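Presented sequentially are two complexes of chain A, the first with chain B as partner and the second with chain C.
Now for the complex of A and B:
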């Protein structure tokens, strides 16, 4: 056995496609390991569940940040500036009577060709009774000052400047999102690049009242993979999808091929009624529609990926593969060394496990590798049907979200293409290695 | 297609001989039909067992009873005067009676066989929310209405796939090692992805980007008036899903069949035929395709079975009004009767595939005609 494997490894070097496939598999594997280490299991679940407050500061439906690598494209990235950061200025003057004036200046650079998606201020105020009062002024690079609003704020107030439609009259009739960033009188609106500044002039009316504020100018681009309709960074799902896809497919492939082989061996060895029963069960199983049954279980019982895995393995035990293995085992059973084993008094189980199965095991290797992509895609198929695991982020669930939000119709191609790319790369990687192994282990195919 | 087996004797054509063959084939088909029917029954029974482990089937039946009884009680003027408590008491009483009448109080084993009959005849009662286009809520009507579009799409895809793959495989097996051959071998791993996956890309290119072809649906809405226009519209809509199905399977089929043909083309009798100077076309047909056809048909049928599964998502993505999309909608609306009905229909479709395969097999495999057993082939 080890010799056979060594020989196979030697031989696989002759197949460039297999080498390429192995490289793909290895890089996927490292991505999987990295993801699990970088984002622990529980964090991945919390992030993807998108609890309140986790994804406030990421843009909705933003494209991946590397869009700007395309020459001539310079779309806004996400910008945030906090009153606690060193760039910001914060002056507190005591006005007596417990009142104080807090002036915060939030500077940021805006050097992009497009307009941002949203502008939001996140206040963090501490007070017991009287709310602080703030007035906001927007400073453009060319020195204009635009009054935005004067109002009192609550503890965790959020001011969505981009939605303040009444600013239009000060902004040449444009929406704040465009008006705040455009060159005056430009038609169509052009971005004024340079150093912007927002001043927050606040009054607090209590002795130990506090006032802090962050500004987030939501970009059109975000992160390595963009974001979805719930502002979640797709990178999280794409990264965590890797270990899930690999583990799921690997376990499904191992579970279904090994059991199938064992059952076939048992059938051949004992023959008679056992063999006949196994054959009949296989025929019934061929007619059982696996995916609809999984769907049924998903709806009626549980959508957990591990329950699905169990069903795949159970339905896979008596798969059509039994017929192929059976044919091989029938030959193996007649081999002289089996008779020798019998002669020295080896038991049934010993003959099965020590003599029959190892003989056919190499045949299993290529099949096993070829099977993996089909299970990776099966997970995606289930997810597209809305039966993805309820907690874990997977590639299929990203595709499902994209499909439900009509990503292709609205031109958000990245949302479909990135998970699709990962799926097809995985599929190709394993298929290429599997095909090469098939030729190595099945001598009849070798010369073709 | 290649029915005239010239390797057989001329006696093949004598009427008596053919009659005997015909009888044997019919017997074989009948036997297979019975076996498959029993298999489907067992399969559906297992499905019911799985579905009812959490009491889903019971719930469907109870829900139906409760609804109809409470409707009847609410409508009945006799009970209008009573207080709501009393009315509820009467409803509960009647539900109990109805349960007894329908046998829901009997042990599960007995009930499961009752369910088996209703499932096999698709008499699954009324859907919870889904309706057929004609407005019927009966599960059977909804399912039957959806069957035709699925059969049109997949039947057509199967025929094209089989023809293209066999012709291409024969062609490549004669040009072993050529650039085209190597390209097909390199493309074989593309079949790792299911049809819906290619569907997304085709849609992206041809519908979203180029705008040549529609995003989905079976015909334009509203449907065209004349038959010709209807057909043309159908043709325009079927191109993308059809290509997706074919694309997802064709390269693997060509690759594996070509390899198979190559192995067979090394047989001595092929060399012999070559030496005799037969044209390569008839060598392909008579000496390579003929003996390999049963295996290829089996291989093809297994491929079909896996394709049925892909149908669910493909139809959903292309909005094709077939069984797959119905199942998808049933999932989204938690319409359990339709979901269980779909599982049964898919079981029937798989059995039908296997049955058709058996018929083709009986025509192709001379051993069946001559009367040898095929089970241990």
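Now for the complex of A and C:
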């Protein structure tokens, strides 16, 4: 057997498509391994559940960051600047009576052609009774100073500058998002590039009071795969979708091919009642529609991916494959070498495992490889139908979200195309290898 | 040692059920129908008959691949149908089986080492060094050298003669007491037939094993001279040492068989031989009386077509089942 595998590996080199497919599979596999190591399971679940506070600082519905690689496109990335960062200036002056003045300067460069999505300030204030008082001034690269607001702030105050509609009169009538970044008098509004600065002039009224602030200028682009309507980075789901898809498909394929083959072999070898029972179960199972059963289980019992996997395997064991394998095994059973093995005393189990199955295994290998993407697609199908695992991020669930949010209608093509690309690539890679293996293991199909 | 023969077959019947629609009884194929003979230790017995006479079924019944309907097979005096699992297993170790089609008899996905090791593994030779030694010795005895080269080969890389030698090697690697060879050379090229037969004979002589040689070709029987059984339609009709049988056949069917051996003599170029008319009878409903009577020239009406002839021994050591010798 190892010789046969060695020979197959030798021969696979003659198929460029198979090498390409192997490269795809290997990169998917390394992506899967990397994802599991980089984002531990529990983190992935928490991230995808979007618990409060996790995704505050990412933009909503942002495109992938590499969108800027397109020539002539220069959309804003996410920018954040914190009063604790070295670029920021923070001056504290003691005014006596426990009062202090805290002046924070938050500089950041804005060199993009588009306007940001939102601007939000995240305050972190410490006080016991009296709230700090802050006044905010926006400094543009051309030296203009725009007063934004003066108000008292709470401990975890969030100021959504982009929503302060009353700033319009100072901003040429534009809403703050555009007005704060535009060249004066430009029509239509054009971005003023350069060094921006926000100064926070704060007064604290207690001895131990503290004041810190972060500014986040939400970009139109974010991360490797953009973000969705809940500000979650799609990269998390696309990365974690890989190990889930591969593991799910591999287990389902193992469960429904190896077991199927073994059961078919058992039926053929023992014959009689055992064979008849297996055949009847298979025939009944073949007319049962699998997808509706899974939808039913998903709605009534559980949508957990492992429950789905179990059902796929259970329904898959007694599938039409049994009939195919049975046809082959009926031939193998009559082979003289099996008779010889019986004559020198090989037991039933030994004949099944060492004499019958190895004869059929080469037929199975390519089938197995081609079957894997079909289970990847099945998982995605279930997720798109709304029966995805409630916790785990998967490619199918990303598609389901995109579908529900009308991603294509609102031009968020990346949301659909990225998971679709991964699904197609997976299918493509495994199919390439599977077809080449089919030619190697079943040489009669070889065409010259 | 006791006086029991190595193998004693007594009134053996192996029938196969025919079924209609999968479960209704529709008759029986009486492939082996009342066969008795003995194989002594170290003796070689040839079973000759045309195809479909039940000789392969007989061989497989002896190997316990088929269960007989009635009758008994005694191996060293013990009835093998009453064997426990363990005893059956040791019986299997003491019998070797050589099949007709050498390529089919070797698992195509196993290399020679694996093929030869399998019987050893099954019969509990745990040490791989011991197995390896046994395998290499076997290869040397079969003139398959160098072993290192042969061991890693797969059956399809070997010639027909080499394949059959591997099959012979597998049959004797457990040092059996009885080897059953079912037409071992009929699928080989004429050029390697003699070689394989001589090898088989050498193995039989050096190991002192009992050999049951099943064939349809009377001309190859000479290599295994001890005893020859002629089988027709599930029964043994004549039984004699091979020289006696060929020089003095008694049964009309045996005479016809011997007549059919090609004789490469130019004198025969234009002469046509007489062959029995008709076909071998159906084993589902064999003719009443003597099975051969519809094709027999010497058929005695009212006797041969009514009653089965009894086993007679007109000459010592030469048994025949025919009314002519009553």
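Note that in this section the second predicted complex is superposed on the first by the 447 of 448 C-alpha atoms of A that agree within 3 Å, B and C clash if a C-alpha of one lies under 4 Å from a C-alpha of the other, contacts with A are read in each partner's own complex, and residues count from 1 in each chain.
In this text, a contact is a pair of C-beta atoms (placed from the backbone, for glycine too) under 8 Å apart; a residue touches a chain by one contact, two chains touch by 3 or more.
Note that the coordinates shown come from a computational prediction; the quantities given were computed from them, not determined experimentally.
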If chain A is used to align the two complexes, do chain B and chain C fit next to each other or clash?
fit
Figure out whether A:359 sits in contact with chain B (first) or chain C (second), or with both, or with neither.
second
Considering only the touch criterion stated at the top, classify A:435 as touching first (chain B), second (chain C), both, or neither.
first
Touching A:110 in the superposition: chain B (first), chain C (second), both, neither?
neither
Angle at the Cα centre of chain A spanned by the Cα centres of chain C and chain B: state it in steps of 10 degrees.
60
Touching A:340 in the superposition: chain B (first), chain C (second), both, neither?
second
Contacts for A:387 in the overlay, against chain B (first) and chain C (second): which applies, first, second, both or neither?
first
If we overlay the two complexes on their shared chain A, which of chain B and chain C does A:269 touch? Say first, second, both or neither.
neither
Identify which of chain B and chain C touches the larger number of residues of chain A.
B
Look at the superposition and give the distance in whole angstrom between the closest pair of CA atoms, one from chain B and one from chain C.
9
Determine where on chain A the residues touched by chain B overlap those touched by chain C, and list them.
none
In the complex formed with chain C, which residues of chain A make contact?
1, 3-4, 335-337, 339-347, 350, 354-355, 358-359
Chain B-touching residues of chain A, taken from the complex the two chains share:
17, 283-284, 286-293, 295-301, 320, 370, 373-374, 377, 380-381, 384-387, 399, 403, 408-409, 411, 413, 416-417, 420, 423-424, 427-428, 430-432, 435, 444-445, 448
The residues of chain B that touch chain A in their complex are 35-36, 39-40, 42-43, 46-47, 50-51, 53-54, 56, 176, 186, 188-194, 196-197, 200-201, 203-204, 207-208, 215, 259, 262-263, 302, 305, 308-310, 312-313, 316-317, 327-328, 331-332, 334, 336, 339-340, 342-343, 346-347, 349-351, 354
Which residues of chain C touch chain A in their complex?
60, 63, 65, 89, 92-93, 95-97, 99-101, 104-109, 111, 118-119, 122-123, 152, 154, 167, 170, 174
